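So, here come the structures, one by one.
First chain A sits with chain B, and in the next complex the same chain sits with chain C.
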Partner chain A sequence: MIKLENVSFAYAAAGPTVENLSFHVEKGEFVALLGANGAGKTTTVKLIDGLIKPTKGRVLVNGEDTAKTRVSRRARQVGFLFQNPDRQICKNTVREEIAFGLRAARGDLGEDGIKNRVEETLAAFHFTGEEEPFSLSRGQRQRVALASVLAVEPQILILDEPTTGLDYSECCHIMDTISRMNRDGQVTVVMVCHDMEVVLDYAQRALVMAGGRLLGDGPVGKIFRDRELMERASVLPPQITGLAMRLGEGFENADTAEELAAVVMRRREGRRKQA
Partner chain B sequence: MIDIQALTFTYKDETAPALENITLSVPEGGFLGIIGPAGAGKTTLARAIGGIVPHHYPGDYYGSVKVDGLDTIDNRLTDLSRIVGTVFQDVDSQIISSVVEDELLYGMENFGIPHDEIPRRMEFALKQVGIESLRERTIASLSGGQRQKVAIASVIALRPKVLVLDEPTGELDPASSRQIFTLLKTLNEEYGITVVIIEQKIMLLCEFARQLMVLDHGRIFVKGDTREVLSHAEELEALGVNCPRVAYLSRLLEKETRETLPVCVSIEEAEAMVRGLMK
Partner chain C sequence: MRNLFQYVPGNSLIHRLNPITKIVLTIAICVAAFMTDNLIYLAALLGVDLAIGIIAGVPKKTLGILKGLLKIAAFLFILQALLTRRGTPVFWIVTDTGLLLAGKVVLRLVVVCMPLTLVLAVTRVSDLANALVQVVHVPYKYAFTLTTAIRFVPQFLEEMNDIMEAQTARGIEFDTRNSFKKLGMILPLCAPLLISSVRRSDQTAVAAEVRGFELRTSSSGYKRYPFRLCDLPAALLCAALIVLAALI
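Our next item is the complex of A and B:
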């Protein structure tokens, strides 16, 4: 679905931001991009979205080279949820905001089709449509932005730190919505995220970046347990995984409190029987 | 150091109070963490401690806020700012210079810090925040996270008695966020600076803050020693405030083992607890 082939990109002013990047993402995956500030994560997702074009190499989305794809076509394929919802919201009501994105990307639906899709989306996100985005909380505005992006039914959804500035319940609400659509096979997700608990809970695969290069690629639980890789990328594993690593043998698969507690209880049972 | 008595505040042109009947006392050298859902009044409280509410943001104000014995209503912001240093959530509203070094100099010169002392403080602040290499960079060329660090450094250079930070790690990655908290711990323990921090990163907050206060709809939902507050985990989760997963683990193991266990706030503590249970 997404293919990067030896991609490099440099902004005009500074040195290369990503260098010789190659990876594939298959349909239906939920992939997290990990790394410190400045590792090249946002540049990578912008390349996938075609917001920027590689200076070397190729980015293919559904087999099409992003350097040659028209913006309107790309907007149907790839939805982009920015870190800050205020960068994408531009209308005065939630209904207008959702309709705006649809008119731009889904002219094929016709005006009636767009109207129906707007109402379906409003219902799915529990909006009346009359809300004014800028009088909503940041978490609510992020939901407005997400609703507009998903209304287009993109095949790929890109999330750039979607939970920044949100409180815990807002964060769960956004991520659960995305996760449900991903599991239903509706959308492939590529997420940049600094919250490793969120990565653990929602992503299946992690790509680790540092200094514009790809350092590691694998299942989330396995990547978190690669001490050397985590150190090179300045990433700390989530709490329970970090604890399990310290506890060592027997805890290799414990990533949640429940899993870890189960190992502890089995050990205690074993000790009791021995005694 | 901070003494708030029955503070109720409603912004001008608003009907509902942003803060309602807040009474709070933070001792000198305290380290208080504040958390709560969006719209709980956290930022308003940060503004009230620095006197920015009501001096900059007028409204209906009842009760009193004293910092280092000064009532914020009766004192000018210029005097209050010598005691309370605030790092705002929106750092861009705080930074005025175009070069990092100038930003730090601006504050120190305004405060009349002796010229022979300025270089030492400059180096201290840049080094503590880990941005020595950015000293001559223009603000415009910095990332959001780097700008956050500049804002923190320029406040630290002024050595306030009280440091108030409103989600200072919002744009920072986990390693930098931990670095900021470690820095606050140093300033708190070695220099006796009183720290008040609003933060959504619950794990860091619980590990570093000695006291926690949870706000909801402008009111105090619960406050106390960090571990004591975490013992209300279920009510907090219903409110939309999560607990660190190691704290959740202690509760879970307590139920399963039927032993009384401590509420863990860090991986180190959890490791000791688990090893103890498996002996």
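Our next item is the complex of A and C:
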């Protein structure tokens, strides 16, 4: 679905930001891009959406070279949720905001189709439609931005640090919505995130970056357990993974508190039987 | 465009001038440009602008500013030439008076705008504010307002660029080659830009206040800005430019 072939990119004022990047993302995957600030994660997702064009190599989205197609034309396929929702929101009510995005990307639906889609989206996100986006809380504004992106029904959803500045419940609300759509097979997700707990809870696969290069690619649990890789990328694994690693043998596949507790219980049960 | 107001460090004669001398020189060029009606003198003033840029060691930036201004100048030239009805027709509805007037307007625009941007390329904004407070006795509040406005311009441009990027990603055709279409699409973006600008201004005001903004006086800065010998030729140049403009 997404294919990067030896992609390099450099901003005019700086050196190479992304170098010789190659990976592909299959339909239905939930991929997280990990790495320290300046690792090239945001550049990579911008390359995927075509907001910036590679200086070397090529990026294919659904077989189409992003350098040869206009970004605005790809909005039907690729939705982009930015870290700052205020850059996206530009209308006075939530209803108008959702309709604005639909009119731009889904003109094919017609005015009646757009109206219906707006009402469906408002109901799904529990908005009345009359709320003023700029008077809402940061988390609510992020939900408005997400609602207007998802109303378009993109095949690919790119999230650039979607949970920054959100409290725990707002973060869960946003991520649960995205995760549900991903599980239902409606959307493939590529997410940049600094919150490793969120990555562990929601992503299936992690791509680790440092200095514009791809250092590691694999299932999230396995990636977090690779001490050397985490050190090279200056990433601290989630506490639960750290604890599981400290506990050692038998806890290799425990990625949640429940899984850790289950292993402990199994061992206790085993000891009781032996006794 | 984003680097337009960025300071370029250096130790040239222009860099070493007192910030107030640089402002006075800028004003002198502007006054001379508006006083004169002579095309050749206006061209000479443009030469002075370019010379200042070269002496300051920022020829690339000077040419960049000139290039940017020429785009606006070309549009203004065409407009002025087409709208002037006086004089003898030279080509289609364009008259000789129209061409002359358009040339003067465009040259005046370039001559006036160049030193205004160049002065920021060779002077730290903080030096500009401090010198205004110490030497001219401008209240710090106003000097701060001026320098903050200058600092905000590149930030607003960056913000606008990010907003346009976000809107393009949702399907708004900012990546079209039709400039008129693009212009029409900018209007809805004023809301997010305005909101972010007000938020940023508010944050800056709060940050300044908690750092004792109200306690600052003209003697608060540790750096002093005395006039030196090198300021003398610059002052003479200012006088010469205005006298010549009055005489020609």
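Here, the second predicted complex is superposed on the first by the 267 of 275 C-alpha atoms of A that agree within 3 Å, B and C clash if a C-alpha of one lies under 4 Å from a C-alpha of the other, contacts with A are read in each partner's own complex, and residues count from 1 in each chain.
In this text, contacts are C-beta pairs under 8 Å (C-beta built on N, C-alpha and C of every residue); 3 or more make two chains touch, one makes a residue touch a chain.
Predicted, not measured: the structure shown is a model, and the values here were computed from it.
K.L.:
Mind working out whether A:A104 is in touch with chain B, chain C, both or neither, as first, second, both or neither?
P.N.:
The answer is second: A:A104 touches chain C but not chain B.
K.L.:
Figure out whether A:R138 sits in contact with chain B (first) or chain C (second), or with both, or with neither.
P.N.:
first
K.L.:
Which holds for A:V152: it touches chain B only (first), chain C only (second), both, or neither?
P.N.:
A:V152 sits against chain C, while chain B stays out of touch.
K.L.:
Applying the touch criterion given at the start, work out whether A:G242 contacts chain B, chain C, both or neither, answering first, second, both or neither.
P.N.:
first
K.L.:
Decide which partner touches more residues of chain A, taking chain B and chain C as the two options.
P.N.:
After superposition, B is the partner touching more of chain A.
K.L.:
Could you say whether A:G218 touches chain B, chain C, both of them, or neither, answering first, second, both or neither?
P.N.:
A:G218 sits against neither chain B nor chain C.
K.L.:
Check the residue A:E197 against both partner chains and state whether it touches chain B (first), chain C (second), both, or neither.
P.N.:
The answer is first: A:E197 touches chain B but not chain C.
K.L.:
Under the stated touch criterion, which partner chain does A:L51 make contact with: chain B (first), chain C (second), both, or neither?
P.N.:
second
K.L.:
So in the complex, which bits of chain A are touching chain C?
P.N.:
Where chain A meets chain C, its residues are 49, 51, 70-73, 75-76, 78-80, 82, 84, 86-92, 100-101, 104-105, 134, 148-149, 152.
K.L.:
Any idea which chain C residues touch chain A in the complex?
P.N.:
Touching chain A from chain C are residues 159, 162-163, 165-176, 188-189, 191-192, 195-196, 199.
K.L.:
State the interface residues of chain B toward chain A in the complex, per the touch definition above.
P.N.:
Residues 36-39, 141, 143, 145-146, 167, 170-176, 178, 200, 202-203, 240-242, 244-246, 248-249, 252-253, 256-257, 267, 270-271, 274-275, 277-278.
K.L.:
So in the complex, which bits of chain A are touching chain B?
P.N.:
13, 35-38, 137-139, 164-170, 194-197, 234-236, 238-240, 242-243, 246-247, 256-258, 260-261, 264-265, 267-268, 271
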